[in-house]
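Right after this note come the structures.
After this come two complexes, each holding subunit A, first together with subunit B and then together with subunit C.
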Partner chain A sequence: MRLKHMIAIIGVCYGIMAVLPIFVGDIRFVMNIMIMCLIWAVVASCWDLMMGFAGIFSFGQVAFFVMGAYCSGILAIEHSVPPVLAILMAGLFTAVMGVLVGLPCLKLAGPYIALVTFGVHMALQPVLRGKIGIAIGSGGSVGLLTIPPVSIFGYSFSSANIVPTFYLTLLLSLSCVLVIMFTIKSYWGVAFLALKDSQDFAMSLGISAFKYKLMVFALTSFLTGIIGAYYGHFYGVLSYRMLDLDLFSILMVMMLVGGLGHFPGSVFGAFLVVAGSELMAPLGAYRAVTMGALVVILVLALPNGMMGLFIGWRKRLSAG
Partner chain B sequence: MFSEDTILLFYEITDVIIAGLSTGSVYALMAVGMTLVYGVTKAFNFAYGDFFNMGGYFAWILIVGLGLEFGGYPVVLLIVMPLLFAVGYGLEKLLVAPLRKRKDWENKVMMMTLGLALFLTSLYMVVFGVRMKSLPPILEGTWEVGQLVFSYQDIMIFVMSISGILIFAWVLNNTRIGMAVRAVAQNPVGATIVGIPKERIFATTFAISTVMVGFGGILLSQKWFINPNSGGIIMVKAWVVTALGGMGSIRGGLYAAFIIGMLEAFVGWMFGMSYGIIALFVLLLATLVLRPQGLRGKGE
Partner chain C sequence: MLTLTNVTKKFGELVAVNDLSFKVEDGQIFGIAGPNGAGKSTVYNLITGFYPYEGRIEFNGRDLSGMPPYKIAKAGIARTFQIPQIFPSLTVEKSISVGSRFGSRDGLDEDHVAEIIRFVELSEEKNQKTGHLNLLGKKKLMIGAALATKPRMLMLDEPMAGSNANEIKALMDLIRRINGEMGLTIIIIEHFMKVLTELTEKLLIIESGAMICCDLPEVATSDKRVIESYIGDAYVER
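Our next item is the complex of A and B:
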């Protein structure tokens, strides 16, 4: 997709979001959902960059998100680091973790990468719950309960004054998404695509697989860590339960609805799915069942997501 | 000669070794199923651990839910195993086969089966509740040699899973269908040319692996309880065993399964059960870095 179209789609999505608080600004419930939309849009886009563009089948995105959230929360509570600094440090921490996870993955292919990253996800929960977690201040099975909200120059962005918080989230989310967009359209993005399509050929042209694969791990885990840390400060409480599979499946549905490897699609998908999953709240426990089934159905029936449909429709329009 | 403490420690370690052997044997069964399905169909099944729980739940429905009186476990196995075969065959035909025609279908299959895993996990939670279910032991009582106590249950688990593997190996090496499966694994195109129905072999191997892991589920659930949430961890375990043993090597899988069963039993005994998965993950990383082809694998 051309840069012009990407900017247009992102602009429309975020533009609508930016206008909405005028109408629903005093309904806290709706505002919360919108903030979640913005946060998940970043995570889904990072995952899309990883899977759809770099072609690395990583299932560790939720783990990085939780790592970032916990890191920043622990720094803010245990070591009373100001939240803004804590968020940045959490981002750097997850970036380092991303590189550490990425290193063994460089030599591996296909399901092995998926498994190592999924293993990170699986191993994180006992770490956070167990004695190691308690020693570093994760709060064990209770979790973190009193994470201070972000405050800039003494103004605190908590859920008490939700409209300014919303715009702060919008700014953060938009800048993360723009970083991802420009990465995709830069030399890096082309290198990712080349490595995905044919690693041997790309390497013969002088593209270092080592460098770019580590780069994508570092970048996506940095952004995911930052947004995870922000989520922790906004929400105020964290629990290891976030690592349960619900969140994982919802995130996957976002990416599949948007279309894997059709970048702004994941932003659009995230907005749609977060709102949709709130509408599905009356289903209760059946919501998770539906999400799992949706993943299966979407993979089978809608291989390129909404973006694929959109592109196909445009092609048909211009052809006839 | 020895102090009281040393003797107690000795008995304790023996218990841990027995536990490691009986879980290890089931891991071997699961790993063989996994190496089979990945080796033949090249489809990686993320829902593998949930089929383990499916076996457990089917047995639970029959024994506890319906209160099956006569026959006990032989009858249960006779009912559950064909059922699992049918489920595996149907799912392959319905979900995996259509994907096989797409480009980069291996990744699509991974995503689809992960979705299936999420679906099954949450379905179990809705249908059976979050609380764990327990199955009665296959054989009650113990066998005492001096002061050493072996429960019949552990012995039965060991014997049944090892004989399961042996039967499987015999089928693979000595029957026509086993030959067809090996032919498809070696060269799908060549196998099609000589008239082997490739699609049917794919579905059959998927179904066989479902039966094997479900059988493992019935065996191990008697000791562990059936936990709806455990599918992911079990899948990772089966995969670690497969990776350590070397893809495509049944004997390597056996060695690896016992190593991992022991490792888990000892780590659980010394540090607590929740550290088992961490130890396993460290072992997986070490294997992949030091010897990516596994203990007995042939390498790429």
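Our next item is the complex of A and C:
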């Protein structure tokens, strides 16, 4: 997809989001959902960059999100680090963790990378709950309960000031998504795609698989860590339960609905799935079943997700 | 230009390349032939850094041991693959520019990319995704991307495989032009002996990873050991 089309879709999605508080700014529940849309859009986009563009089947994105959230929360609670600085430090921490996880993955192929990264995801929960977690301040099975909100020049961005907090989230989410977009359209993105399509040929043309694969691990885990840290400061509480499979699977649904490898489909997918999931809340226990059935139908009908539908329309329009 | 000295590669118990030594001169078209499984493609993989090896490989006096493929590309060695490798996510133009952007020491040179696209006769297809190309187009694309790295030596791995007579003629013309107009040294692995005898100035025949013969094509193809182990009597009678 061309850069101008990506900019247009992101502009429309975030533009609509930006004007919605005029109408629903005083409905806290809706504002919360919109903030979640913005947060998950970043995580889903990072995952799409990793899987859809770089072709690395990493299942560690939720783990990096939780690592970022816990790292920033612990720094803020235990070491009184100002939240903004703690968020940045959490981003750097998760980037380092991403590189450490990425290193063994360089020697592995598709399904084995999925196993290693999912292993990191699975191992994180007992670490946070157990003695190691308690020693570093994770709060064990209780979790973190008193994470301070982000504060800039004395102004506190918390759920008490939901509209300004929403716009801060929008700014952060948009910045992260734009970083991903420009990465995809840069020569980094070309290197990722070339390595995904044919690693040997790409290497024989001068692309270092080592360098670019580590780059994608570092970049996606950094951005995921940043947004995870922000999530912790917004909610004020964190639990190891985030590592249950619910969040993991819903993120995957966001990518599939948007269209894997069809950025910015993941942004659109995140908005649609978060909003759809909340709209289906009255279904109670049947929500997950309904959601699953809808995903199956959608994937069968639109294998390239909503973005595939958009691309098809555009092609038909240009063909006259 | 390229010198292999006592190069050996083992995969466990299997000796894929056995104490192989040969030399390719500057500007030469050098052929490599041998039965399936003789170790021809393995030799390419050793030269281009895909596998570690015992022995010594030098390119223009520079030792290539331990160099990863991307550094060898930057050192001036480009290659193609037996099974056409393409980037289906990218257009023809973008695919060729990958070689220029990443493999050339000068970085992305758009004029050179445009020139290469014309040279390999893919101008009409330049905005198409590479998946839409036919077999000849895919082979030309691989060669084009390799040429975009501004190499000093081009290594072609069975470029004629699966091609019909017209495609073989087109590819032979292209190889001659690369050697003649660009002045590149070319190494070519091929099973079509006619192609090798027409194109190459020197022919290396290997079997079970070891050299049987390395000589002028007409000498190599009449060598008794080569006839016995590879080309057979039928070829000689013809």
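In this section, the second predicted complex is superposed on the first by the 303 of 320 C-alpha atoms of A that agree within 3 Å, B and C clash if a C-alpha of one lies under 4 Å from a C-alpha of the other, contacts with A are read in each partner's own complex, and residues count from 1 in each chain.
Simple rule for what comes next: a residue touches a chain if its C-beta (ideal position, glycine included) is under 8 Å from a C-beta of that chain, and two chains touch if they have at least 3 such contacts.
Remember, it's a predicted structure, so these values are computed and weren't measured experimentally.
Once the two complexes are laid over each other on the shared chain, residue contacts for A:V116 go to subunit B alone; subunit C is not touched. In the superposed model, A:F210 makes contact with subunit C only, not with subunit B.
In the superposition on chain A, A:V190 makes contact with subunit C only, while subunit B stays out of contact range. Of the two partner chains, subunit B is the only one touched by A:F57; subunit C is not. In the superposed model, A:S198 makes contact with subunit C only, not with subunit B.
Applying the stated contact rule after C-alpha superposition, one finds that A:F182 touches neither subunit B nor subunit C. Looking at the superposition, the partner that touches the larger set of subunit A residues, subunit B or subunit C, turns out to be B. Judged by the touch definition given at the top, the superposed model places A:A288 against subunit B, while subunit C stays out of reach.
Of the two partner chains placed by the overlay, neither subunit B nor subunit C lies in contact with A:Y155. Looking at the complex, you find that subunit A touches subunit B at residues 51, 57, 59, 104, 107-108, 110-112, 114-116, 118-120, 122-123, 126-127, 129-130, 244-246, 248-249, 252, 256, 285-286, 288-289, 291-296, 298-300, 303.
Residue ranges of subunit C in contact with subunit A, taken from their complex: 48, 50, 68-70, 73-74, 78-79, 81, 85-90, 94-95, 97-99, 101-104, 108, 142, 145-146, 148-149. The part of subunit B that touches subunit A in the complex is made up of residues 38, 44, 46, 95, 98-99, 102, 106-108, 110-112, 114-123, 125-126, 229, 232-233, 236, 239-240, 243, 272, 274-275, 277-278, 280-281, 284-285, 288-289, 292. Across the complex, subunit C is touched by residues 187, 190-191, 193-194, 196-198, 200-210, 261 of subunit A.
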